[in-house]
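Structures for review follow.
Below, chain A partners chain B and then partners chain C, in two separate complexes.
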Partner chain A sequence: MKLAFPHMGHLHIVLKELFTGFGCQVLETPPITKKTLELGAKYSPETVCLPFKMTLGNFIEALEQGADTLVTCGGVGPCRLGYYSEVQKGILQQLGYPFKLITVEPDLIAVVKDLRLLAAGKSWREIYRSFKQAGAKMAALDNIERQLNLIRPREVVAGSADQLGFQAIQAIDGAAGLAEIQRIEEKTLAALQALAQRQYEPLRIGLVGEIYVMLEPFINQDLERRLGQMGVEVHKTMYLSDYVRAHLLRKREYLETYKTLAALAKPYLGHYVGGHGLKSVARTIQMGQQSYDGVIQAYPFTCMPEVIAKNILPQVSKDLDIPVLTLAYDEQSGEAGLMTRLEAFVDLLHYRRRQKKAGC
Partner chain B sequence: MQARIGLPQGLLHYQYGPVWERFLTELGAEVVPSGETTRETLDSGSVLDEICLPAKVYYGHAVKLYREVDFLFVPRVVSVQKGQYTCPKIIGMPDMLRNNSEVLPQIIDIDVNLRQGTRPLFQAVTAAGRVLGQNAVTSMAAWYKAWKCHTPQKARPVLAGQPAVALIGHPYLLYDSLISMNVMTKLQQMGLAVLTPDMVDEKTANQAAGVLGKKIFWSSSHHLAGAALALMNGSWPVKGLIFMTCFACGPDALIGELIAQRAQVLGMPCMHLSIDEHTAEAGFVTRLEAFTDMLTRRWRA
Partner chain C sequence: MKAYLGIDVGSVSTNITVMDEAGAVTDSLYVRTQGRPILAVQEGLRQIYRQNSGLAVQGVGTTGSGRHLTGVIVGADSVKNEITAHAVAAMHLVPDVQTVLEIGGQDSKIIIIRNGVVTDFAMNTVCAAGTGSFLDQQAARLNIPIEQFGDLALESTAPVRIAGRCAVFAESDMIHKQQTGHSIQDILNGLCQALVRNYLNNVGKGKPLAGPVLFQGGVAANKGMKRAFEEALGCEVIIPAHYSVMGAVGAALLAREEALSGKPTAFRGFDVVNSEYTPRSFECSGCANLCEVIELKMDGIVIGCWGDRCGKWSNQVTVA
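Take a look at the complex of A and B:
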């Protein structure tokens, strides 16, 4: 069995750890390139959202490399993600690839069945250990990324923080054992902190939106890094570990947070609309209250939940006096257009800050 | 004084409109329907950004009514079937209305969420009655009377020596004469018998949709896909399939692909017809004509 799964940020490092621990042979899906996007877009329905096209491209490239088992996630709606697998399966079959698709549905009995299939012959203790290890890698990677977003606008030597981050990701990918992961994490965080830093108050921008676009730098065209280099402290409202803890493990603190967010959003959006639409609205309100300088909403073009949020955010922006920039990504998104919009937005935020300081 | 309630004629109105109208009338309100879609409806609906055409049309209908009524009836229909949703845009509609217009009258946006069971329906009905000052018993009685108006299934046309085509699309698309550009009449005039998803009963559609590896979790799309599969496979004599959708419709992007995949396996001609507010009629007619010609030729052969 040669197992492959789609890319999303550093998800592949985490899943590789997990499935290797199960005793599966993992085939690393080729990293996302323009070619992946072209392949995905070519065989996908025209107006489907970008994550569908990208993951389909990933699958095709993995199958070309010799993968025979694909793992993907399911869902119960109303976001389209939950129905990806059925349609993608049909497309790949029509293309003539032999493969087996395992869709992990959010249902305990189904998950146990999937586990027995994937981790055949492994004891529950070993399975637990794999989860623990993969979870540690995920948390470490997210903590480093969070720190990177804080250091990037302050670094004196441009690119020094990213270099450390890059090395850390490589090291964590190769790490074995909880102690080693923790050591790398601590070392990297300390090294980042020790970098030469400028003392000033950078702009604070919150990043809300759809998880795939927020987490995958190829798709969002390195949004966080670009903003960091422009001297912006980016606060991403969702990391992979947040998603896993809230949606898969259903940790109490996250469920409580969700309740608070739903209450915040209530005057603007009174019901869950799938995906992260409600959270985009709620987080924007929260950041308005915490006087952030601005908010950027990033999502794939035609994403249903985010489009609803988008149509509500202008009112939130007006009421809480916080500028919101919406970025819809599709396979046509160009770099120059993005830069122009980001520069204009950052200029606007600087201007607002000066005005506020001057007291008018 | 009798309360005047506006009923925007869009989205789920094409399925439940008569029921809602009767229900509100039974409760002693005066119902003001917004009427057919016009160019102005489309223009005022374009306030909404990036969203599908039917949602814009709905918004346009609501805006058209606001001056004439005391209430707007925009129920938040989250789910009408166990384990299924309607569509995120329908769920978010009351909020999109509220946040994009400052002049709206009070919106009756009771939640109708039957995803876990039918009990919330009673709550929804009594909540709607309460807004109009009626008690629970009166509201329920009104609802039972109104529900009798619900006719989910349309009669099938009698075939008289002409090829039949399945026209698959949401009711709010097919039956809105402006946005669908009267596609049904056009096809009939070109000599085709037109079969639509609402001519397939729920049981048949459910059964046909059973071949899918995973149940579709949008109720209307589930019916569309089921009906399309039933029309393609069963004893139904359709010669071809037209899948009509509007640009940026989320569920349709996937369902259209599913149907096209199945049609290809069966060797059945399938045309994907996508429309938006910029669609010009001439190009639309040309495509319909070409498809009809092809079907008729295959049918004669």
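Take a look at the complex of A and C:
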């Protein structure tokens, strides 16, 4: 069996650790390139969202490399993603590939059952250890990414933080054992902190929106890094570990957070609309209360939950006096248009800050 | 004369303005880019140099979609996006402006200003209907010089409703109206109204549009569009004196701001019109990103590189 899964940020490092620990042979899906997107878009329905097209492209490239088992995620709507695995299965079968597709539904018991099948012959202890180790890699990668977002706007030598980050990702990918993962994480965080930094208060921008677009830099056109280079401290409201803890493990603290967020959003949006729509609204309110300079909402074009949020955000923006920039991505997205919008948004926030300072 | 230059390199036109120290525009130029931004900038600067003797350039600002390329070519002190440039120019000419409508060759934007600060903006996202290029194309199809488009639209006597949601459908709807015998004047006016409707629904959606309203960009020359905006908004729409070169006016103002902070200008001088610039692009195969890298040579020497995500190429250049 040769197992493959789609890309989403550094998800592949985490899943590779997990499945290798199960005793599966993991085939690394070729990294996302323009060709992946072209392939995906070619065989996808036109109006489906970008995550569908991209992951389909990933699957085709993995199958071409000899993968025979694909792992993807399911869902329970109203976001369309829940149905994607079925549609993609049909498309790939029509293209004539022989493969088995395992859809992981967001339900811990089902997940364990699915994974038990993959880890045939492994003891529960070994399975637990794989989970533990994959979880450690995920947490380490997220912590480093979070730190990168803080250091990037302050670094004196452009690109120095990203260089450390890049090395750390590679090292974590190759690390074996919890102790080594922890050592790399600590070393990287310390090295980032020790970089030459400018002393000033950068703009603080919150990033909300759909998870795939937020986590995959190829898709969001390096949004976090671009903003960092423009002197913006980016606060991403969702990392991979947040998603896993909240949606798969249903940790108590995350359920509590969700309740708080739902209460915040209530005056604007009274119920779950699928995906992360409600959270986008709630987080914007929260960041308005916490005097962030601005919020950027990023999502794939035609994403239903985020379109609902998008139409609510102007009112939130007005009530809480926090500027919001909305970015919808599809395969046609040009770089120049993005840069113009980001630059103008950053200018706007700088002017506002100066005016606020002058006013008080 | 001590002066500041503003250069706006857009999809359709390249505009240059000369500004004196007090901030008054003393000369301006509007040339077609025609897909050759470098030649357009060189030609524009050549004309500016010819028309203005004894210019002592204190600062240069660039804006528009070609701002980075042009910034490297001329040696710019300020390289700013067109939204900021347009807002700065609008506030300079009409200090109490609250709304800026701007329609250019391929994009249209709206800028909301309160108390001298940009508070909100929007650009057209997925559709180019209602921009200058479409009007250009329709005028050409009807064999009407674009300069007469507006005057003809004003002669309209009966309203004709054109579907303006999409440029392609607008065109087929216009043809349909022609074939059923409506006058050209009425159709042109109907088109203006449709484009304004589309603009306000798309770009201006949900924005508080308060006066004074400024209408700028190349399309502001079209009197039919001005009237259609006034009808839709129910207030007067002001067209500033330098409406077609407002981006360049803003760029010059931003360059002046930069120069006043005491930095000497990076301007390479008017000699750049005689230099030979050769850009080339290639796909970097260093990693899976396959970035499209652009390299710009000036008289055989590499002066700029961009488009790479990692800095492998752009960090090599020290001359720029």
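In this section, the second predicted complex is superposed on the first by the 355 of 360 C-alpha atoms of A that agree within 3 Å, B and C clash if a C-alpha of one lies under 4 Å from a C-alpha of the other, contacts with A are read in each partner's own complex, and residues count from 1 in each chain.
Convention: a contact is a pair of C-beta atoms (placed from the backbone, for glycine too) under 8 Å apart; a residue touches a chain by one contact, two chains touch by 3 or more.
Since this is a predicted model, take the numbers as computed values, not measurements.
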For the overlay on chain A, clash or fit between chain B and chain C? fit
Could you say whether A:Pro314 touches chain B, chain C, both of them, or neither, answering first, second, both or neither? both
Classify the contacts of A:Gly90 with the two partner chains as first (chain B alone), second (chain C alone), both, or neither. first
Does chain A have more residues touched by chain B or by chain C? B
Check: chain B-chain A-chain C angle from CA centres, nearest 10 degrees, reads 80
I'd like to know which partner A:Met304 touches here: chain B for first, chain C for second, both or neither. first
Under the stated touch criterion, which partner chain does A:Ala328 make contact with: chain B (first), chain C (second), both, or neither? both
Give one of first, second, both or neither to describe whether A:Tyr268 is in contact with chain B, with chain C, with both, or with none. first
Thinking of the overlay built on chain A, is A:Gly159 touched by chain B (first), by chain C (second), by both, or by neither? second
Thinking of the overlay built on chain A, is A:Gly177 touched by chain B (first), by chain C (second), by both, or by neither? neither
Which value, in Å, gives the least CA distance between chain B and chain C in the superposed three-chain arrangement? 5
Is there a shared patch on chain A that both chain B and chain C touch, and which residues make it up? 301, 314, 328
If we count contacts the way the header does, which residues on chain A are in touch with chain B in the complex? 44-49, 52, 74, 76-80, 82-87, 89-91, 94, 103, 268-275, 277, 301-305, 307-308, 310-312, 314-316, 328
Okay, in this complex, where on chain C does chain A touch? 65, 80-84, 107, 115, 117-121, 123, 125-126, 206, 288-290, 309-311, 315
Using the touch definition up top, name the residues of chain B that touch chain A in the complex. 48-51, 76, 78, 83-89, 91-92, 94-96, 99-100, 109, 111, 212-214, 216-218, 247-251, 253-254, 256-258, 261, 264, 274
Chain A to chain C touching residues, read off their complex: 30-34, 158-159, 218, 222, 225, 301, 314, 323, 328, 330, 332, 336-337, 339-341, 343-344, 347-348, 351-352, 355
